[in-house]
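Next come two complexes built around chain A: one with chain B, the other with chain C.
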Partner chain A sequence: MANPNGIGAPVRRREDARFLTGRGSYTDDINRPNQTFAYMLRSPHAHADIISIDTADALVSPGVRHVFTGADMAADGVNSLPCGWLIHNKDGTPMKEPPHYPIARDRARYVGDIVAVVVAESREQAKDAAELIVVDYAERPAVASIRAALDGTAELVHDDVPGNVCYDWHLGDKAATDAAFARAAHVATIDLVNNRLVPNAMEPRAAIGEYDPANGEHTLTTTSQNPHVIRLLMGAFVLGIPEHKLRVVAPDVGGGFGSKIFHYGEEAIVTWAAKKVGRPVKWTAERGESFLSDAHGRDHISHAELAMDADGNFLGLRVKTDANMGAYLSTFSTSIPTYLYATLLAGQYKTPAIYAEVTAVFTNTAPVDAYRGAGRPEACFLIERLVDIAAQKLGMDPTALRRRNFIPKEAMPYLTPVALQYDTGDFAKNLDMALPMVDYAGFAARRAESAARGKLRGIGFATYIEACGIAPSNIAGALGARAGLYESAEVRFHPTGSVSVFTGSHSHGQGHETTFAQLVADRFGIPIENVDIIHGDTAKIPFGMGTYGSRSLAVGGSALVKAMDKVERKARKIAAHLMEAAETDIEVKDGRFTVAGTDKGVTIGDIALAAYVPHNFPLDELEPGLDEQAFYDPKNFTYPNGCHICEVEIDPDTGVTKILNFTAVDDFGRVINPLIVEGQVHGGIVQGIGQALYENCVYDEETGQLLTGSYMDYCMPRADDVPSFTVAYHEDAPCTHNPLGVKGCGEAGTIGAAAAVINAVVNALSDYGITHIDMPATPEKVWRVIHAHKPAMAAE
Partner chain B sequence: MYNFTYHRPATLADAVSLLGSLEDGKALSGGQTLLPTLKQRLASPADLVDLSGVPDLKGVREEAGGLTIGAFTRHADVAGSDVVARVIPALAHLAGGIGDRQVRHMGTLGGSIANADPAADYPAAVVGLGAWVRTDRREIAGDDFFTGMFETALEPGELVTAVHFPKPDAAGYAKFANPASRYAMVGVFIARFGASVRVAVTGAGPFATRVPAMEAALAASFTADAVAGVTVPPDGLNSDLHASAEYRAHLITVMAKRAMEAMR
Partner chain C sequence: MASTVTLTVNGTTVTREVEERTLLVHFLRDILHLTGTHIGCDTSQCGACTVHVDGRSVKSCTMLAVQADGSTVTTIEGLAAPDGTLHPMQAAFREHHGLQCGFCTPGMVMSAVDLVRANPTPSETEIREGLEGNICRCTGYHNIVKAVMAGAEAMNGGTLKAAAE
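Let's turn to the complex of A and B:
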């Protein structure tokens, strides 16, 4: 009988009971005996030389134990925070990689750059003392945007980075693409801004550093998506602590969306300071600090052109993108607008020639790095907007133009002109499923009905494909990654048959404790209650790369399957011994090991007991115990894909866009827990809608001050901004190269949604002579379109 | 937050005398503005006088046909009051649209108008209904109460005790919420008293003010169409990340029309 909590079952998240009753253990919930508190004094200027720092008054302020500056760290030999991905310029030279010190040394480069750290008995005392620190700044002009950075006369963010250019990179075949344009019958063009976003995880970042002089061990408890990555980066590169003397714990983490992948200065500061102070040092960001100092996302300016023949077949795509890196290179910043963006520019289409150029620039703003989707939403948005513009130009139905250019499923595996090999995908099927769900045929009537009420209705489509489950380490390495990208798992059966699973993957909202347990329950036919998933502590788990890029199940789950394979292999031998049968005669089903053709059988529980109480055990052949570890390095990326459709209604009096309907059909390969998958899709869609209609991170062009530094000004989407979503998926094109056939679902919603929403908005405004509106499509922006243009046709 | 001394008087007289005698005291009402301000260290009063223990400052009662609402009455209590719903339903509607549930269950009428946020909702009703603001020492006409951005006619240490709202024949309020903060980007309150009409706008300018052109148009014809044709110049209106002065000016007309449609 199938396990009620096995693969495919909509098991409710086991971790939710703890979270919903306030029993989670987040970093800020953890208090160490005798701990002190750190306060980060941050630069109020976007760009200023630090002439001097006077800490004398702060040092004698009540409760203060230490005040540190960049000079103290320099004196201790603390290094720069490393960047994890090396990009090469068109000419083969390496990118510019200026140092990024945890505490700024002689220049502050964005509002929020740490310039001094106060450690005191309480948070408030640390804060009081920080007000007494006198920093003498010599302000420099702020370079607050991509445009400002690339203006030939701009101030330099880093003296040794000419023109503020970090790298000037390209991908694809320029000559072939130029040739495609030369014979094009039609060319669709777009200029767009992919708006900058603040990730806004519900839990602000926090970190606790500890040092035990008895054994020289450091412990960092931190809000991280990948504790081993932090241990490696901070231990080996920044502080010079060998890995056996450094433990990194990422306990319950309240959302990351990418922003908690990176190694941040505060982590190094509390770890280093704990030893200097001789007591644990704790820091928790205030919401305002999160806005200022969490790595932001997106922030592109692009120009793109799509060449087509007379029938609308895509011939070539040319893309030029300028990407903001912020003031310093965050851990994965450099890979986002390159290998996670330009490589996705084929989308679902068989465009034969693609050429992309990306210029990454430094500005006096917070570092920019991966944010849910990371490069792929930017690629999807650009392609899908361009395809809509092309359809408009050709007078073709947008679904028909897409269908004409889809890579057919028969062409799989398919090598794109931008270096990826899609393994599977049935793009037409996604659209076939989605169109009846939205009653596309009835749209014209609905639009007329809206018009009768004085409203503008629009429908928008977006198809997307993403490269997830990153990544094959050899490919990533060849492309500049400075780390491997495998995952690890250990399956430890206990003597009485319960199981602890140790995963290198990390859950901060994804539901690993449920999904991963389902895999084990399913495989061994045991109750899900007997399985615990342990993650987030480098002292417990095998070396793992953590969670991002929708990789947990595809890579971490596959590692778990490999570890379970090993357990089963050993269990089979033990079963054969217990039942005095040949190993080749042992059959395994739902965790029961039987002897073929007999009614003899043992369960995995019997086997575990025998393994740990080896009175009757093949000791000459096998070691006791049932505890196996595996590492899994994928052969390829996985390629989740889907079709999102959005229907909006605009109030022309106010410019307000209301989303009436949002439908997503996705192909995530095999689905282990449909409930969790649906939740991931919902959350992703809301973030995509957020980018499309509400969210925008704005720095003052002159001063470089963050203008959207709180929820009063940074508009997060709320539950009442979105409708109930209609989502569906199919499992007809499972991943061909991982054992579960899974592709990943964590980012899909965010990748497809923004394009679908804006396509719907532009469609609604189609009588007003526009082809594009930049995100977020705020009421005022929409109203301006309506009031600037006379309708081309009467909305009759 | 800096240290302060906390007081919780039990009577209005004690509250008034404390605020009168303390060197650097501040009234604490619902705390929805004051506490975040303190937490961000943007203010540092030496003493806080918490009004929550003063029964005389709480509650809604009918007076002279209109409503008198105590300064410490929470937004949720106004929104949920049967008396308000019967006497001035537009006021209950306005209170029910302030912030979110949590804010409505903490924030108070007195705190809102004393704070005089240019984007707050209540000021539209205070001006639009020609209310009287009662303090520990006098009565101030609604038209004279708001004097600038975050500025009122209150003297230092002066405590709002209640607001008296005359009963209109009909009133309506329509708000265009700032998408981020959900305060009023533009809110328009319209009330008719016999043949005269008052139109007050909040959110658009530095403080809530009347719109004479709209009042005249509505006095002539009390219909949504009458106000739909009246445009307001953008001069002097707020312009920020969320809306330009021009867009706000446009929204005043749209919201005035909607306030007419919501007349109750």
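Let's turn to the complex of A and C:
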């Protein structure tokens, strides 16, 4: 390796120095001179008309400066929070898009909907005063679940949305799929629930609004994964602030997992209120508020069928999914169960005909949107469960059935029946690598050994593929996306050769400050210490789309490569001038520019100095300076894929599932920093395990109250709930359409893990005739399933 | 109601007026501006607020500032040596990539240091059980466990084991 901190090196993270010493700067750590504090009064009812709001007592409470209601925002012409993706119904009509105001105006539609805002001198004073606000509510029946929403007699969440249906969408070839089923020898079916989750980034959301009357500039500091997206949505659509008068800063952000992509009402509230109050306004969520008001994830009910011929070759897949949008459309909510879900239903298999129908419904629950994986875990879970059921039905080994139906690597690039073109992938290789790692051959003996101890052992597989770096913009636009999907980068060499890189990507745990710096150090042969990565501030960075969908390296990294290409092109010209050679004779290696066939050479540092002190410089041909910017719009998604294998042991007396082994073999294309990549996989796996075994967001059917609104009720995976993992990857199938050959690794763990775990649990329980168990497979649920099936077993 | 409290925080003695309902974590963050100690929940479940009070790890959201009157408190800001040399546990977290977003990290490190003080050679199981009160959403705990193992060795005078490459 030319550079010890270059591509492929497990460079220790540079950002850690501040995080480990308490010097991070998260939004709640930031305090502005003369700031005030906002407290959001939230509806205690899932569904209620707001008859009146009496703020008189609150207004005279100590320290209170202002109390705002939806009427105040309406009077100022504040608009609805926009939805970023327009979906069309089967009949071509557009989806229903009811307004979503930052402060509810006439009706509260979920427990946690903001109904008033108190601004006071301290957090405590604002909270105390909020208790004095009297809201007269007229309660309506709550629609708390998908099933309730679709019950023909259900109360309407929005009066102008008949049947509570946001959209009724489909993808694929219905006729071809029906024909496949007509000639099938076997059909495997499944009904499943993809359980609702709360993302739970450990840093609760927070926002600080500021207004400077001297120049009419607004600043929002917020816990966001994509500050420019917030600036565009909030500035242009909600508050009507032109971009040059609105700065959005996302400083250190304590995890996002999707939940900090979206534009939230509180961001608009503090920005708007700061001008009204004439002082900075700060708001920080309490964890209880996070549970109530962060966009939740998943929440699907599906029925699926897989048609096969007599040999187990997949002929067709038919899927019907109902997806919960919650009370309002969060920023990217509508795209998740459609273009990020149904398009992934081919999985790793050459199923020739697929037809998917998706009905999205409104309910009196918190908005639902992207959560790590966003649509792809739901697709993977459905397919991988169905394939296991098919294998069980055919009496085939689950790995053999998968192998029989894998899209072979020779078939790449491969156009699926659900609109994606996979560029590369070697699915058999993933499996070949993984099976010996888990000693699959020895599983039967291990199962027998467990049985001898009265325990149930199971093994489960998930061979997943996902789509990252959503793009290209023009195709996504034709499908309803209301934003671009490119990324930006600027590489600014300073006169003495150090570099500032400005990226539109945002890091909230992913380690960009290290990985991106490795790319620059590698390319220009400079010490990594000479490179700084700057992100998260619209006043500093070029317009960028931020970080979501495992896109940072594939899209943001590619933009950085393009900017470095431009730097190198200019540097080459300068080098030719400095060495009095023809540009065509300049050779570049590790940041050294040499004249072919001579020992003459200059470094990028020499060139930077010449560019900024242009005494000996081709001024008639080139501008001074060495500072280049690039935007990159991908030609296609990238397609990370892999094989995850889980082995569990269940105690039938307690129903407790213990994970004995979890092994992941992934193909992320080229890996820049293996230490960081492995960390992403570990974290992703535990979020998948969490969904499979522990986490569940529950609303009371009757009242729409959130029953799992704290860490006492919502089971987060803890250190003693999970094992250590075995992870490996190969780089034999790099992405073919981006300059780095990278695919993305942020979501893979979560996408594969839930399916692998549940397949293992069902495998362990297979002697009871069980074919499926819904997530989370808690001890109680497993115990009940065992006991419900026990008599059948005893009778055999 | 206001009360006066005197604490020694990271080696400096401070005396402040506080409302009696002020939690230690708010005292540290809002009054002393030691924002390395984080708040991740409102039910004393997450451990992001963990500090040392008189040498023992305490969730500072479960203690009133007035209860800590007269105590010696160490926060993440006070863990490294005065010359900036990282505490072996901090160094181990960096070496083993035991943190991602960094939000749980101060609490995780403070808990880990106390865990090793009580049990100098913890097994993987003991580490996992010992950190049960600290939630991390990013790392999946795998590298945290490795870091605590390595940190324990280094705290016992061994050299810091490098992450396998």
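The rule we apply is simple: the second predicted complex is superposed on the first by the 789 of 796 C-alpha atoms of A that agree within 3 Å, B and C clash if a C-alpha of one lies under 4 Å from a C-alpha of the other, contacts with A are read in each partner's own complex, and residues count from 1 in each chain.
Note that in this section a contact is a pair of C-beta atoms (placed from the backbone, for glycine too) under 8 Å apart; a residue touches a chain by one contact, two chains touch by 3 or more.
This one's a predicted model, so the numbers in the text were calculated from it and none came from an experiment.
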Just checking: does A:G254 make contact with chain B only, chain C only, both, or neither of them? Give me first, second, both or neither. second
Going by the contact rule stated at the top, is it chain B or chain C that touches a larger number of residues on chain A? C
Return first, second, both or neither, reflecting whether A:G288 touches chain B, chain C, both chains, or no partner chain. both
Partner chain(s) touched by A:Y694 [first = chain B, second = chain C, both, neither]: first
Considering only the touch criterion stated at the top, classify A:Y711 as touching first (chain B), second (chain C), both, or neither. both
Touched partner set for A:E529, first chain B, second chain C, both or neither: neither
Pick one for A:T654: touches chain B only (first), chain C only (second), both, or neither. first
For A:R23, is the partner it touches chain B (first), chain C (second), both, or none of the two (neither)? second
Contacts of A:E731 with chain B and chain C, given as first, second, both or neither: neither
Chain A residues contacted in one complex by chain B, in the other by chain C: 124, 288, 711-712, 716
With touch defined as at the start, can you tell me which chain C residues reach chain A in the complex? 19, 21, 29, 33-43, 45-46, 48, 75-77, 79-80, 86, 90, 93-95, 97, 99-106, 109, 124-125, 127-129, 131-132, 134-146, 163, 165
Would you mind writing out the residues of chain A in touch with chain B in their complex? 124, 127-128, 288, 653-654, 694, 698, 707-708, 711-716, 778-780, 783-784, 787
Residues of chain A that touch chain C when the two form their complex: 10, 12-13, 15-26, 28-29, 31, 124, 200-204, 252-255, 257, 286-288, 508-511, 674-676, 678-680, 682-687, 710-712, 716, 718-720, 722, 724-725, 749
Which of the residues in chain B end up touching chain A in this complex? 1-2, 40-41, 176, 179-181, 241-244, 247, 250-251, 254
